[in-house]
Structure formats: structure tokens, C-alpha cells
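Here's the structure we're looking at; comments come further down.
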């Protein structure tokens, strides 16, 4: 196997034994990019590639292992543009906290950033200013979104492992569409300082990896209290690799009936049911439950998330950084800059978000949504009172074709139906590959746990993974 | 008066913390442009705020000093609007759960014995914006001031004259100085004031049309602007002209208010709870602790001075207006020998205050040794020097730093009380002032004062006026 | 509930985005559809329910009043589309 095809834990072993080097791994990744990137387009601004400074690294235990970063996580010296025209040329004068942690652990930040839906607005990576990423399993299909670039890069071995961000499913759904592992941690587990905000009360950075062990390692490195983030939780970070016991006997699993609705893809349903059977064979005890407010999750999300986004994106106005439209009058400058700098989906969400907060509509929309959010959270609290975890599909379908949904915003929003409640409730969830459709597209299994119980997620996911071979398959590129 | 003036004041106060509200940048005034800035206060993408503990303590301190009720659960809200001095295009402020409400401030207006209670609606937390410099074609932005912690202090519309508004501001400033939570310097911008004024028929229950006044740069400016407005609005009402709700700017040079172009309707700030900041729970124990640490406030001190030292209210008010002055004065009073402190008080209120005013310094800043002052007063009491002379000696004490004793001897200022020594001068004066002599004999007591005055003049103030008076009376009868 | 073009124009102004007429039309249709979908929330009785603004039960996060290193003006202005000396520069503000 080529170096770029290995997992992080395999490469860490080789680095430790001096069987390979940071340069060699990077070289292997660059070679892979040369070959498949023209087809996959997982990365952006590839013409600007700058070789990373390798002198400083290799102090920490990661020994110079490269990691791919989504374009909305600030990396000092590397452009960070959220794949939007309005942030073009932005070079942050600081590193996100997770980047700091990675560097101190000896990681090398891969010099290209991963493609994404502009400002994380999307479920397909088709809203990127740089054009879509293509699913390595079927180049006519989307990789999912908004962390489509990160997921595709890991799936195509153009990255060893990657970071994405998840506000309504943007790590888990692309992970499921690309047949890789994606975790959204508990809200507050990983610092948001340096993550360019979409919806502040929902955003979390999460790992996208080739297997569960890599996800456990990466989560352990980037988790932890950050005094620069008022919403980060001061709670010890356990050694997640210790959760990889391979034992789930007696595990109490809840299967929410609202996640197996009539509209879902029949093939996906069958594959998920098969996966649930697998878990039962491994000793899990399953039971049907109800999360009665599930149908309200998408409307609640699109009120809260767009409201927060409309405020978070107000700063993109051409004054201090990014694109500025020509005008000799300030208000015109604002209006043209934002009209020309934002894509269609961004304008849609900002307009909707501004509307739901505006005078006369706040109570009917925003305030109401905050109350329904409470009901959704209570649904989960109730289930976790009796069960260890919840199992569900990650997405109602496998990857759809590029262009199929992008003109129908509502249809696109509904593809988040199984992932969104998790962000609203603030709980952790992981997506792992659990099968393929007849057309050869991956299907993801989602496991949810109560707050700060990532250990349980890794245990269940790892056990399932080690008793199947889905994670070993690679796309033919 | 046909119309009643109704005024409410909105004061923005910069707290004197070392660092800004939400980041560790310095709050030092007068630094080079854009040098006290960081990614957080610049509102760079990805950054997050963390509130300054000292700012919260100072805010609670001030709220308690005005007897406000502290909100047990308080939070920050985003106030959304676009302006180049606002990097995030929203201000972190407070909307529906402000830190404190329902306090008051008593003001003492000249000639009116009882204080008037002015309600304080709320005191809440927010952050300052940057500074704009307008050139002809462009505006320049300096973000040094962005993020400095502010308190907004809103009064009830209980003020009924420009003078009361002025008194309110001076009382407010006095209390804030005592608390040492702000520099309160309108020139440096650490205290800013906007006013709301309306007129209504005497006895009317409804408030009249409100005019907002801005751009006053001093307490006097506030008073003058309000005085102008009362006149302007009275004229409009007399002529039955329509009053529109508007904002007007005070032009200090021209002494008029001018209308700002009326904006379209009320502003829609789309307030919502800031998701990047947590709720603040203000425990009773914390409130009690801060309350216990409050210094004696000006009005308490004033009442104590009246009770303990027998001061008149008017005199006490002057002495407590500045904390350092009050401390200096009290120290002098306490060290003054004997139970009767009236002499010392008179000297403080009279000659010392005069000296301070003419030298344009505060009482405590006078270059005066307390003991020398006490000695000087003692000399007057012992009749070794006349009051008139002593006032001159005081000047010299301040200027030279020499001892009172030395100055009296050097200047040969000892009071002449000896009858023999005075006879010659008295005779001369009687000779030169025949008219006054006959006036006195005719029963006009003023004539005696005049004759005594002449003797004082001829003796360079050294004659003992009481003795002189007696001697003249004896001589002429 | 429907959202008329006038409201969208007003909202676009609040958000400082200039919409072209065809964009306004398209957006109007899309938002109408989305709001129609969102309206299902009005089916729920939420009178007794408390809103969730913060999902985490944490409070009182504060920092000490200690100065940190600031950026140099050069670094602060590095990304500025327009600057003059050490100031950010913006076009004239006409109310």
C-alpha cells in the first residue's frame, strides 16, 4: 500500500519506528493529488500551494503527520476563505485553537484547504465559490456537505485525516456519502475559537477519518477547555483510544421510529436494518422509541441557524478584509459588496435569518423556535434516561447527483433531517460506513449518545467496524 | 409657566478596567491608531468574546451605589446594525434582562432645601465602538476604542429643567469618582451624554413629542443645549406648529441645535441573546460582598459632615463634591484642636476654596501643609494676626511652602492690638474724615465701619479691627 | 404565512444586500415556500415551554483583567482592502 492509503494510526507507528517521514507522507499525498484531484476537486486554490515548513514540527507525538483542514477554520499564514468570494484573500493573523493544539502535538497542516459549501451553507458542497467537489465513489454525485471536500479527500486518500465542521450534519452527512467516519462532538467539547461561525449555538468542529481509531485519536487531541471560547466546557478529556474495547454486550440501543419514515430510500432502509441486526448479533439490545418532535427539527433549525448566521455574517462588508465592491458611498459599498460577494444560498439564508429576527416577527418565529428546541432536547433526555445510545440512518438517501437538488432549496434542506436534531440537542453523534447501495454508493450508520459520552460512541462504532469490512473498501479512481 | 419640561438623560460611561470588555487589549487612551487591537475586538472571522470580570464587578458596584435591583440572571444580547466603527456590525449589549434596574439618584439644587429623587431606569453592560475621522471623500477608522467596556445609565424622565439635568450629571460624576470605576472625563470621551426632551402642558399626563439631543461635549453643553431646546420647542408649541420626533445635534459654536436628517422610521436592531456568551448568575453573596466594599458615598458623607461637624448643608455639599477634597477637608477638620470645628470649616469653604478656584486646582491639590493651616488659624484665633492678613499669608503658604510663623515674622504682619500703638493712626483718620465723624455722631453705624476700614488701610491691615472699633467709639463719644 | 416583495426589499436593506429584480422575484418564491414549511411550528402549543438560548448549563464565564499582546497596526491592516496610514479607509458616509 502507498503511504497515503494508510490510516493515521498506521502511519504514526511507522513514524515512530522511523520507517517513514513527514516529507515522504506529504510526497505521497501530493502524488495522489496530481492523479485524482482533477476529478475529485476536494481542495481549493491548488495553484497557490506552498510547501509547509517542516523544521518546526515532529516534536509532538504526531511526528509531522499531515492533516487536511476545512476552509472555514483559521490557519495563520494560509488563506481561509470559507470558499466564498466575499472572503477572498483573507489571511488570518492567528490560528484556531484546534490548529494550535494540532501543531503542538506535532501535526503538519496540509498546505491546501478543503472545499466546502460557502460559509457551510449546504449539504452538497455545490455552493462553493470554487465549484463542487465530486464524490470519489461516483464522480457524477455530490460528496455531501458542507464538509464535502474534507470527506472526499479522506475517501480518495488525498488526505490521511481531516477536520470538518458540523452545524446541522455537515461532518456526518458527507462522511456517510463518502464512506468514511465523521464525528460531531458534544457542543462545547471542542473549542470554536477560530472556526468561522455559521450558527454559534450549533457549530462544532469534528474529525473526518478512515476509521474509528483515527477519530478517537484526533478527537482526543483537539478536545478540551479553551479560555478563549465562553461556550467551551471545562471538563477533562478522557483517552478515547481506551474506549476501543470491541465489546457492546448488553448495550441498550434505541431505534427512533421517526427516523424510518416512508420517504426514505428503500435500499438505505434495508442496509440500516441489516446494520442494526449486526449490532444485535454483537450483543446489543434494541428497542423502538419515539422522538416525537423530530418533524419540527428542520423548521426549528432553519430559523435558529439562519438567524444566528445573518448576524455572524454581518461583518463581511468589505471594510477590513476580503472583497470590496467599488463605490464612493459607504452604504452602496456595503450593499454591492455583499450582493456580489455572497452566493445565492448565503443570500437566501441571510435574508431568512434577518426576517425571523425582525420587528414583529421575532416572537412568532425566533422565540417559538427556541421553545421547540427545548422540546426536541427533552425528547432526547427522555430516551437517554433508559438507553445508552440511539441508532439511526445518517441520511435518508445515498449521495444524489450533482445538480439534482441545488435548485430546490427546500428539498436540499430536508436531506439534513436525520442529523439536525443532534445539533439542536447539543449531543454527540458519529457516522460510520455500514454498506453500499447497488449503484455502489456508501451508506452511513449514525450513533448518538448523551452529552460528553463520546467514549460510548467510539466503543459502539469501533465494535461494529471491526466486525465488518466496510471501512477497508476504497473507491476506484 | 405654561409648559412643563420633561428630560431624561442617557449616559454612556467607559469603565476604567485595564483591558477591554471581551479581549485582553489595553484600554489606554491616546495611543497610535489601531495599535490597541486584536482579532477579537477587530471582529475578525472566527473570534469569540469572553467578558472581563473586573468590568462586571465595577458595574455591580455602580448599580448598588444607585440602589438598583440587580438582575439575578443577566445576559448579553446582540444589537444588530451596520456602521464602519462597529467591526462585527453588531454591538454586544443588553436588551430585556439588563444587569440592574429601578435605582435612583438624589440631586440637590441650589436654594432648594430638600433633594429631588431622580429615578434610574436601568444600568446595563455594553461595548464601545471605534472612532471615525471624516475626510472629504473618505472616512478613516481607528478601532482602539472598540470593545472598551461601557455602562449605559438611563434616567427616568424625572428631570424638569436644564439646571436639574446639570445637577444630575454633577452628582452622577461625583458618585462615580467615589467608586473609582471610571475617569468620567467628557473631554476624553469616558463619559458621554445624550438627552431626551419634551414639553407638555402643565398638568398633562401624556408626554409630549420627544426630541433626542446628541453631540454635547460637556455638562455645560448639555445644559445649554437643553435650554435652547426648551425655548425652541416652546415657540413651536405657542405657534401651534407640528412637532416631529427627531434627533438633533448640538452645535456648541453656534449655540443651536440642528436636525439630523430624519431616518426612515424606528431602527430595527433585531436583538437576540448572544449565543457566544453564557448567562451570568449574580449570587446574593456576591452582591453582599460588593455592597460591603462600597466606599462612603458623597451624600452619606455629606449627611455625616452635617451631623458630626455641624456643617451647613450648603457647605457640606461643596466639600464632598470631590472624594479627595472631602478626605482632605475631613483630615483638616479632625486634626483641628478642640470640639468646635467651625473655624476650620469656614477657612475650608472660604479662603481655601477661593485659592483653589483662582489657581484652577482642586482643594486637595493645593500645595499646603495641613499643620501650617492649623497654626495659621490658631494665630487668628489668638488675635496675633488679623483675618485679612491671614488670608494673604495663606496665599504665601501655598506659594512658598514656608511656615506660617516665618511668614508672619518676615512680613512683619503681627496684628497691632495695643491702644498706644494705634492712637496715632486713629487720630490721623479722624482728622482726614470729618464727614464720616459727623455721620457717626449723627447715629450712622456704617460710618464707624468706614473709619475702621481707613485705619486698616493705613496700617496695612495689621490693626486689630475690633480694638480699633472700640478705640474710635471711645474717642468720639 | 406569505412574505411579500416589499418585506423582502426591507429585509434586504436591513441586511445591506442589494437585490436585482430577478433575484427579488426568485427569492420571494423560495422564501414563501420555506416559510410555508416552517409554519408547521405554529401547530405546537409552546406557552408553558421555556426557550433554549444556550444548550449548555454553564454560566459566569469570565476572564481576568490582564493585558495581552495586541496586534501591530501592520498586522491588523494586512487584509484591509483600503487603508491610509494606519487607518482603515471607507468611502464617504452619506446618511
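A, B and C label the chains in the order they appear, each numbered from 1.
The rule is short, and it goes like this: a contact is a pair of C-beta atoms (placed from the backbone, for glycine too) under 8 Å apart; a residue touches a chain by one contact, two chains touch by 3 or more.
Just so it is clear, the model here is predicted, and its values are computed rather than measured.
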Chain nearest the overall C-alpha centroid of the shown protein atoms: C
Most contacted chain pair (by C-beta pair count): A-C
Distance between chain centroids, defined by C-alpha means - chain A, chain C (Å): 23
Euclidean distance of C-alpha centroids - chain A vs chain B, Å: 58
Gap in Å, rounded to a whole number, between the CA centres of chain C and chain B: 41
Sites on chain B at which at least two other chains make contact: 39, 42, 50-51, 82, 84, 137, 139, 141, 268, 270, 275, 277-278
Touching two or more other chains - residue numbers and ranges from chain A: 90, 93, 201, 227, 230-231, 314, 317, 319-321, 328, 330, 334, 354, 358
For chain C, residues contacting two or more additional chains: 14, 16, 53-54, 56, 58, 61, 63, 71, 76, 82, 88, 90-93
Contact set on chain A toward chain C in their complex: 89-91, 93, 187-188, 201, 227, 230-231, 233, 295-296, 298-300, 302-303, 310, 314, 317-324, 327-336, 338-339, 342, 347-348, 350-352, 354-355, 358, 364-365, 367-375, 377, 409-410, 413, 424-426
Contact footprint of chain B on chain A as seen in their complex: 72-74, 80, 82, 87, 90, 92-94, 96, 192-197, 199-201, 227-231, 307-308, 311, 314-317, 319-321, 328, 330, 334, 354, 357-359, 362, 366
Chain B residues touching chain A - in the complex, by the definition given at the top: 39, 42-51, 78, 80, 82, 84, 87-90, 137, 139, 141, 266, 268, 270, 272, 275-278
Residues of chain C defined as touching chain A within the complex: 3, 7-8, 11-12, 14-20, 23, 27, 30-31, 33-35, 37-42, 44, 46, 49-56, 58, 61, 63, 71, 75-76, 78-82, 88, 90-94
Chain B to chain C touching residues, read off their complex: 17-19, 23-26, 32-39, 42, 50-56, 75, 82, 84, 132-134, 136-143, 260-261, 263, 268, 270, 273, 275, 277-281
